[in-house]
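Multiple structures follow.
In what follows, subunit A forms one complex with subunit B and a second complex with subunit C.
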Partner chain A sequence: MASTTAVGGRGGLASAADRPAMRPRRRFTFAAARSYLGIVIIVVFCLAPFYWMVVTAFRNVGYTFDTTPWPTHITLDNFRTAFSTSLGNHFGRALINSLIIGVCTTILAVAAGCFAAYAIARLDFRGKYLVLGLVLGASMFPGVALLTPLFQLFTNVHWIGGYQALIIPDISFALPLTVYTLTAFFAELPWELEEAAVVDGCTPGQAFRKVLLPLAAPGLFTTAILAFISSWNEFLLASELSNDKTQPVTVAVAQFTGSQPHQEPYTAVMAAGTIVTVPLVIMVLLLQRRIVAGLTAGGVKG
Partner chain B sequence: MSVTSGVSTGDTAEQQTQASAPERKRGASLHRGEGRRGIYLVAPTIILLAAVIGYPVVKAIVMSFQKDPGLDKATGMFVSGGNAGFSNYTHWILQRCGTASCPPGTLGAEFWDSVGTTFMFTLATVVIEVLLGMWMAVVMNRAFRGRGLLRASVLVPWAIPTAITAKLWYFIFAYDGIANRVLHTHILWTGGEWASRFAIIIADVWKTTPFIALLILAGLQVIPAETYEAARVDGANSWQRFTKVTLPLVRPALMVAILFRVLDALRIYDLPAILTGGGGGTGHATTTLSILVVDQIRGGFNSAAALSTLTFLLIFLVAFIFVKFLGAHVVQTQQRQQKGTI
Partner chain C sequence: MVGLGRSRAVAFVAPALVLIGVFLVFPAFWTLYIGVTNYRLTGAAAKAPEVVGLDNYRGVLSDPAFYRSLWLTLIYVLVSAAVGQNVLGFGLAWALRGARRAIRRLIESLVLLAWVLPSSVVAFLWIAMLDRDAGTVNMLLGQSPGTAWLVQYPMTALVVFNIWRGTAFSMMLYSAALSSVPPSHLETARVVGSSTMQTLRDVVLPHIRRHALTNTLLITLWTFNDFTPFLLTAGGPDHRSEVAPVYIYNTAIVGGDMGYSGAVSLVVLLINLLLALVYLRAARAGRSS
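Then we have the complex of A and B:
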């Protein structure tokens, strides 16, 4: 598996950075060819299904099962169908719902999580590892174990149909995610600056606010994106704890109905899927380095 | 990755936080009252987690010992609740409804089947994903060009919501869909017993393998090139270098990745619920524990609570076995990664 020539192996491993030391290669070796083949296989594996979704989204509904690998019979009708409410779908409203739920969850999780992450990364206090263990344990917690009691509770207090019934359960996974990702980012900060600020007369609170927070901003932003994505992608809890008015996009797309019963409106679903996915993909591509750093530093959620 | 720059600062942070008492006095003004401040700062998180996780768990356990309102199957009398003892648990574990075995086709008869299905999915997806992810990570680690492209493409399946992934594969696996066309087959992917299971495994592998590859890649990048150099000088061939150098050194990161992945796979819901409508094949070929809980909710909260508590205990047990016997040192590895070694 790991057969490498001197060229292929050494340079690639030598540097963990994104720009491995390039050296002029004269020979096009067998191993280099194999490496390129591997790259092509991975890229095709990852992108082909996504590509197929986008192609289908733009394809005329009469040609749903056309297998031409490039876009044919291009139309925007599917997007119109996706947003149309005449068939009982409320995709537009669901998009807004997901946005509201995601933003609220993210704000709450980051607001609480950044203090905890600061304490874990920076301070020495009793029970620190217990807290870290609790947070990690919470992140692996099966959502289904929350579902029954919350469903009963929210039904009793008539919260089903309110956004709080969806935001509160989302905290259960967004907050642990926020804490450990931020802890990883905070651990990398140049803490000497904080010491220096205190020596110069700042209180620890001021040092945190005025010196470290600006430095931590990119990490906070990345963490916020990760928390938002986790909430945007949630399905299990939302499918039971929402109603027609509050359902997020994942639930709306999963329950998409077509004009005829038992006939799946594939192209419209693919159009809806494209709308849900493409903003995420663009965001992820723009921030890929930071997101990979955040994921691998505390990578839990798939 | 930007983390490499954090190595030096990470080390200093480590020295500071773990400094012995006399050393710590140097930064006394900053470190005074550290313990109390730490508690105050983590308090909001702990309180929130207690409210959104702790409270429901305790409530679920309390509920699981209550009778569901309905006809008592043993006496035929209507009961409105009351203490159930362990009867909700024995209902699931022994698959008994009242005094008799639950008839086939009812949810009560599906517990062990869905345990089996859940573990089958877990085993199949994790094994495939780890092997494939390992290969991907090795390729990515060796790639000179196209690292940006690789990283970008690897993030795409991860970013797509699982519910959308399920719909996408539902389309791909449609009877007239591209999968059957390309393979020249006529398989009922979402209807057949094993076909529907394979469909779920394939979709899950597509969605999660790239993520596993990223985690393993992070572990691979810590291994210094000199180690390989030394092994090569000593005459190790590429396979030996992989098994004797790469694998042992990447093991801690790998074990944590596998642990997280296993726990994630055990709670699988979105894919089977949407891709095969929760059933597939004979109606419960792809019913996992999470699906069973959701199906049960409308048939009685307290019984569902017992089932979800069982699911939780099962997952907890698996996590315990991993940490205890297989050496998945989550906190330590997490700490080491956070100190900037990765």
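Then we have the complex of A and C:
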């Protein structure tokens, strides 16, 4: 505004001509300022809990209730407490358990999902939409409603305390998402290439393996990340179907005991939380685009 | 069509279907049976549950605690998901549409982070933040000892938490949807001088209607089945934040009455199925139009 009025005299005509072009730009800057303010608020809203977690994780346990907003009394003791088996925290073991469960779940879910999605995307068979509908419907079951039947079932077959009691339900929970995402990815693939490969003398199996699988790799990779995250984060079933030997980190964190008796071990939990969070933060930062693509693939195209 | 017949299609789909069938669908039907027994977590009835007929179902349908949990779930779903996440997610996607790429990526990562972290960790984070004596929120408000947020305003705390947690999905979905709005249409709207509200209503909405529907139904179902409220308030104080999944957990695991919780589960499953059917119908209607 100031610059337009400052140009007087002869410039007036030019500025008048400029005005229509200027107006949207001025409006844009105002809108931009407003949206930047909004962005700053959102960043604070999103970041504050994490920031607090990391600050507390490094703070001396005696200063748990210190409210200084920046890091003070920095120590690594909380991480030691988190890993301390003498205090009854099986965090190291739980990390390994989570890795075992996560990797097994991911590999098996993606393998089974890949076959199913291939058939759904590629083959015409009766009952195809029934399969897709069943898969979708199953993804909407509340986990807590399945807790009692699964507990009873696994008690009867003596699975409680075994990894399979955690891995297999995790696979079933990851499968609907896996099948759905992969179907969306597979629908986009250039299937003519497969036919061309068959014409050139490949068997259908070879055509899939050598021509299409490399093209489908990004989709498979994205799906694998999502399956891993869902298994890494599973808490509800694991809290009932695991024991001290097989419990994953999510359960271990919820059962922490601290170095001080009768005190909620906030600092140690924050330290453990920071460790659990690290792989996910790295994943999100490195693979953000892929994760977004995977999550929106089903939603937008479905 | 490459030479893969029906039998092979069946073989391909089988592993996934068997896993889903045995460990998702079968347990769901099994609750039907558990609901007519007096199965308990511990004690004699844990070893040899007896069939007690429709007692549990009758009990559930005349239990005020059950209706209260449904009512709380409705509030939780409507306010935090259908309105909160939806509106905030769209707002963010809309505000970031013109922002620089670096900023967009930063915000996306941050929001995604809240979505991707284990619920037991983020729940603890929020408990610490909302703590009465040393919580960050009370510190910022300069009161100590301050408000015990999770005790005095449990539902409000849950709603704010769930908005924080789940906005990422809506934002990502709407970002993708907004990129399908032809820029020329937006340009035309701007040239004819329509306001932001007018542009949103007349230009943007028709393009993203289907995405909005998908998004709303997905986040509705997720929030409906969300168990994280248990980790924050355990349904308390005095059942004031006992949403349906927490109610099931509290009767089954805390109260030990698995037969009764089986009956509740079945009712909740039926509600879910209904929602899922609405979703599938709406999706099909969207596809054919």
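Convention: the second predicted complex is superposed on the first by the 266 of 302 C-alpha atoms of A that agree within 3 Å, B and C clash if a C-alpha of one lies under 4 Å from a C-alpha of the other, contacts with A are read in each partner's own complex, and residues count from 1 in each chain.
The criterion applied here is as follows: contacts are C-beta pairs under 8 Å (C-beta built on N, C-alpha and C of every residue); 3 or more make two chains touch, one makes a residue touch a chain.
Keep in mind that what you see is a predicted model, and the values were worked out from it rather than measured.
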Clash or fit, subunit B versus subunit C on superposed subunit A: clash
Per-residue contact with subunit A, leading partner among subunit C and subunit B: B
Partner chain in contact with A:270 - subunit B first, subunit C second, else both or neither: both
Partner chain(s) touched by A:121 [first = subunit B, second = subunit C, both, neither]: first
Which superposed partner A:254 touches (first subunit B, second subunit C, both, neither): both
Contacts of A:192 with subunit B and subunit C, given as first, second, both or neither: first
Partner chain in contact with A:50 - subunit B first, subunit C second, else both or neither: both
First (subunit B), second (subunit C), both or neither touched by A:183: first
On subunit A, the residue positions that both subunit B and subunit C contact, one per complex: 35, 38-39, 42-43, 45-47, 49-50, 52-53, 56, 64-65, 67, 111-113, 115-116, 118-120, 122-126, 131, 133-138, 140-153, 168-169, 171-172, 175-176, 179, 194-195, 198, 204, 207, 229, 232-233, 235-236, 240, 249-251, 253-254, 266, 269-270, 273, 276-277, 280-281, 283-285, 288, 291-292, 295-296, 299-300, 302
Complex contact set, residues of subunit A against subunit C: 24, 28, 32, 35, 38-39, 42-43, 45-50, 52-53, 56, 64-67, 69, 111-113, 115-116, 118-120, 122-126, 131, 133-138, 140-153, 168-169, 171-173, 175-176, 179, 194-195, 198, 204, 207, 229, 232-233, 235-236, 240, 249-251, 253-254, 266, 269-270, 272-273, 276-277, 280-281, 283-285, 288, 291-292, 295-296, 299-300, 302
Residues of subunit C defined as touching subunit A within the complex: 1-4, 6, 8-10, 12-13, 15-17, 19-20, 22-28, 30-31, 34, 39, 91-92, 95-96, 98-99, 103, 105-114, 116-122, 124-126, 128-129, 133-134, 136, 139, 144, 164, 169, 172-173, 175-177, 180, 190, 211, 214-215, 218, 221, 224-225, 227, 231, 244-245, 248-249, 252-253, 258, 261-262, 265-266, 268-269, 272-273, 275-276, 279-280, 283
